[in-house]
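When the chains are written out, they are named A, B, C, D and E in that same order, and each has its own residue count from 1.
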Amino acid sequence: MEDAKKLKRLVKSVWVFNWFNSCGFTEILPVVGSRWDMERFGMIPVASPRHADCLIIAGYQTEKSIRRAQRIYRQMPKPAVVIGLGSCSMSGGMYWDSYNTIKRLSDYIPVDLYIPGCPPRPEAILKGIMSIFREVEDHA
Amino acid sequence: MMEHAPALVIAFPLFAAFASHLIGRLGSRIRDIWVFASLLLTWLFAVFLNLEVMQRGTYAYTLGADISSLASPAGFPVRIVLVIDGMSALIAFMAVSVTLASFIYSRRFMERVSGGGESADRYCSLVLLFLAGMLGMGLTGDFFTLFVFLEMTSISSASLVAFFRKGSSFEAAFKYMIISAINALFLLFGIGMIYSQYGLLNMAAIANEMVLNFSFLDKVALSLIVSAILLKLGSVPVHMWKVDVYQKVPSSVAVMCITSSLVGIYVLSRILFSVFFSMSALTGWMIVCLGSLSIIVGVSMALPQKDLKRMIAYASIAEIGYVMLGIGTGLAGMSSTFGTVALSGGVFHIINDALDLGLMFLIAGAVFYATGKTGISKLGGIAHRSASLSVLFIIGMLAVSGIPPFNGFVSKLIMYESVFCLNPVLSVIGILGSILMLSVFVKVFASVFLGSPYKGKFREIPLSMTAVMWIFALLIILLGLFPGLALDGLVSPAVEALLGHGIYMGVII
Amino acid sequence: MHEKEIAGKIGRKTGMKVDITRKRRMSVRTDSRGLREFCVCAKELGFGHLSAVSVTDFIGEGEYEILYFLWSYQDGLALTVKTRIGREEPSIDSVSDIWGEAQIHERELHELFGVEFVGNADLSELFLEGWNQTPPFRKDFDWREYVRSRYYRNEGRERGYFEVEK
Amino acid sequence: MIMKVLLAMVVPVAGILIGLLYKGIDRILAARMQGRVGPPLVQPLRDVRKLLVKENIVPDDAVGWLFSSMPFVALVSVMAILLYLPLGITPVLEGYGDLILVLYLLIIPSLALVLGGFASSSPYASVGGQREMVKMMSYEFPLAIAVISVAWLLYSSGAENVFSLSVISGTHVWGLAGIPGLAGLAVIFLCMLFVIPGELGRIPFDVSEADSEIAGGIFAEYSGRNLALFYLADAVKAVAIASLAVALFLPYTVSGIFGLGGAAAPAADFLFHLLKVFFVLFVSSTVVRVVTGRLAISRVVSVYWKYPVILSFLGLLLIMGGTLI
Amino acid sequence: MISTGMGSWSPLVFLICVAFISVVVQIIRSLGEGGFRKEEDKAEAFFSGGRLLIKNRVMDVYWGFFDAMGRYYGWMKRMHNGIVNDYVYWFVLLVTVVIGVVILL
């Protein structure tokens, strides 16, 4: 079953694994909460990368934590999607000149989608995820 | 030759036991063949006994009388009389087959563990003595030979407990000796009281006398004998010695110890059903209460154990509790329909229990053979090294805890639905007991077999041991799928034999 | 008034001059060799809690100043113990056996300042996995240069983004 | 006979679909209670289809054959239970199995879960497996008392063949033993409802798949196809345990009232049975799931062995008393 | 097929149904993706990104149960202390109970 057809099924029920160790966590909570409710799109937060389809890397990553994040990404069953949340994953954000944080997430993990913002509002997160849905629909 | 089968079944293992020491001088191969041949012959005798009983029903065999069926030449029986009926033939058959299987299993097991030669001779003769004692207890018709054979089993199994000549196994054997001494003492007290009153030793004759005058002294004698046998069985208040003994005894002998407890249950039911049947309602309730206590204590104490064999020993106490539940209800509801159903459940559970826990002990022995350890915390990940052991363990685990397709479920189903009529709480205890039993063995399976691969030296398990284990497993599956065979063939004649105390007395008088 | 009484008590016991910086704050200056012995006496006098251990890098005088912030529950007083050690091979006796919580503080200072705490159970790396440069919190560590070479130069990013005139 | 064979083929598969339907309704209602919109009704089906597409990872240290066979065993045994249960109509395998068999068959899926978890060599899974085993030990006690006391009520009121499920679902249990019997039965029905979330591993008792504490618990290492089978097994198990509770305590049929005959009667009964199962599941697992938080494992044991056991023994005594008068 | 007056149980019918259902489940199972593409440490046990230093061993099993049943197990440990003369005291207790029950009732 080639990838596009798989992604079409994947999009209907995306199980999210959050790898957040900074501001990202405070932004993911309202998305799971009642007001923005990501479960209407079939997305539920899961606890183990084995169940996950979408890995959300939220916030800055230090040298130590990016190695764990890489292992987590490798342990996820493919086809999987990686979302870099916030400007810290895009360009290091306010830690742009820190000796310990990495500056761009895609140097370490293949990232499918960046959501700008420091931290990004829940609407931005939902809009970003919707764009994945639309992109998959257009391809199929 | 064949009509002397009952006597030969007991005499032959005795002779083989002493002969095997002599033949051992010639060479261990020859001694193995000799012991195997004698066991096979006894097995054939036992099978013949069963066929004979199926054909002729209950019959007696007096030792030393010119016409074997002449039970009582001068009014009351002087000689030793062996009474063979459905139940005793079944027990004899079971004892011999388990001993045969455990002997085949123990050939390679003993070589690695105790290094052949002189000690192997001792092992063989002790095992044969143990078998002769069990058969004697199973077939006798009078109290005193019962006492003699009980002594024989105690002494031979005590020396088997001390077989490994290590400090702790001496301590366990010493405890066992004290327990069997007390057991023999109280049993002899009871028999002496009865003998002083009736001047008789033959069970059926005593039962016949007792129907008329049942005095206070008989009640005391009954309670002494019953508590002595309960001690031999290891029901709840007096079960602790069994755990220490089963931990130290070599695994192949542990299977025989389970069978000796089941022979003890046979003796208990023989006495309560055929001799003191007038007190059956009272003793039935007592056995039921002790049985349910055994289930609760046995299973709940098996959970926190750290040693594999101790855990299976506690599980065997719980299984004895199940059998006592079945037989006690059979006693309490002797006249009603649910009584007979419960009794058939209990007797069928004797067979299942011997198979399931026997398989468990054999697997524990195989694990000890392969890794040299029985502590649960030191073992782990053996499933990676031998898949057949883990499949065997799964079958044994599901069978012991009574999960549907296997034989444990059939006997437990029969028991729950009949014990239920006596008192619903007993079925509740039974169901709870089986779920706790399942979690005991899941704990063993998880910590010994699963987890990351076992690092230590893992010696390959020889074919003879795996073959015996697989025979046990196939029997378990067979009994599970076709319970009708065992129920009609073996269990119902045994149940009729136990309930029909009239026939039992008629044979002798 | 309350502080003077305690300061006097410490002075008598340890012979160190204790000056009271402000209400309920006291500080003592000892040399690195007498530190452990002073800490033991301080603990006996009720300073059972060590809130933090920190290091200040006086690059001009070529010395590290190590500060131990103690707190006494009985008297509700804070005491700061200051010592000075050389900057080149900084090493001092560990106080982790007096106050258990000192172990993790000392481990962090070892990683960030390179101070060798003799007697600490575990000084392995804490936040910076695989760090082979000079300890980052030292003043002579040029972190801008490190960041430029580590993250920005080799990918040929647009020059102006990181240039900051000195 | 042909009808029976046909039903034997249809019922297990229907069980899966009904189970997924209930899971969907359950998630929507739980969301609406939290003021959320909640997923579409077919979301569980979508989840299963997605899981089937994903890779099926088997960890290195795991015992491969056990790890992959346990989901299979779990789903097969749960679907087998449906054949023995009276889903409105008489059970498909009417004379071939009884109440004790169903009680023991309910153990196999949790046992398969535990063995699968232990076989997967992950520390989270072995902690989850132990917790699941302890939870099983604790909820089995009140469940056994409830089941046995209903059978005792039938036995003492003179019914024949008491343990067979068609007899149990045939008799109207509530009025049999007078007022004390009614009170006792109500208490026992309460305990049964209290056992259902434990059996299904719903929120107050999801100690073995606790997401926040042990990262997915038993399912930590399962992915793709194996996880889909466990997902289906959990869905069908909800239907099985709920229809057991309905068979024991709510055996009323609708076809009598509407006077339907012929083919319509079993269909109406089946639909009414689904309604009752939905009611039981809603009361016992959805509401409880939204309202309470997770219990610590030692609390689970004391919660199940203190209150429900005393209550159900009290219920049993009341029933015994009721039948004597 | 055995029936115990109260209920009945037939293992063969059970096996036939289980066999049939396992065919159905195998069909469902075959719809799914069987294997996975091996990668560097994809099949390593998931330990929140870290490497499992001590290999997974099942220890201190059923802690919850023993913690909840603490009093019962304390009493049980005292009872099973392994001293022979305590076994004999238990036996004497058993004899008195049995004699009491048999004679009084």
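Convention: a contact is a pair of C-beta atoms (placed from the backbone, for glycine too) under 8 Å apart; a residue touches a chain by one contact, two chains touch by 3 or more.
Computed from a predicted model, the values in this text were never measured in an experiment.
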item: Least step count from chain A to chain E, where 1 means the two chains touch; value: 1
item: Each chain counted as touching chain B and chain C at once; value: none
item: Chain pair, A-C or B-D, that carries the greater number of C-beta contacts; value: B-D
item: Chain whose Cα centroid lies nearest the overall Cα centroid; value: E
item: Maximum centroid distance from chain A, chain identifier (CA atoms); value: B
item: Label of the chain whose CA centroid is most distant from the centroid of chain D; value: C
item: Rounded Å distance, chain B centre to chain E centre (Cα mean); value: 24
item: Whole-Å separation of chain centres (CA-atom averages), chain A against chain B; value: 64
item: Rounded Å distance between chain C and chain E, as computed from the means of their C-alpha atoms; value: 55
item: Rounded Å distance, chain A centre to chain D centre (Cα mean); value: 36
item: Contacts with 2+ other chains: residues of chain A; value: 48, 50, 67, 75, 77-78
item: Per-residue overlap in chain D, given as positions that touch at least 2 other chains; value: 53-57, 61, 98, 100-101, 118, 121, 124, 126, 130, 133-134, 137, 151, 155, 163, 215, 220-221, 224
item: Touching chain combinations (by label order); value: A-C, A-D, A-E, B-D, B-E, D-E
item: Contacting residues of chain B [partner chain E, same complex]; value: 174-175, 178-179, 182, 186, 216, 219-220, 222-224, 226-227, 230-231, 237-238, 240-241, 243-244, 279, 282-283, 286, 297, 300-301, 303-304, 337-338, 341, 345, 377, 380-381, 404-405, 409-410, 413-414, 417-418, 420-421, 439, 443, 446-447, 450-452, 480-484, 487
item: For the chain E and chain B complex, residues of the former touching the latter; value: 1-2, 4-7, 9, 11-12, 14-15, 18, 55-59, 61-62, 65-66, 69, 72-73, 76, 80, 82, 84, 86-88, 90-91, 93-95, 97-99, 101-103, 105
item: Sites on chain A touched by chain E in the complex; value: 48-50, 65, 67-69, 71-72, 74-75, 77-78
item: Touching residues on chain B, where the partner in the complex is chain D; value: 381, 383-384, 387, 390, 394, 402-404, 409, 412-413, 416-417, 420-421, 424-425, 427-428, 431-432, 434-436, 438-439, 442-443, 445-446, 449-453
item: Residue ranges of chain C in contact with chain A within the complex; value: 127-130, 136, 143-144, 146-147, 150-152, 155, 162
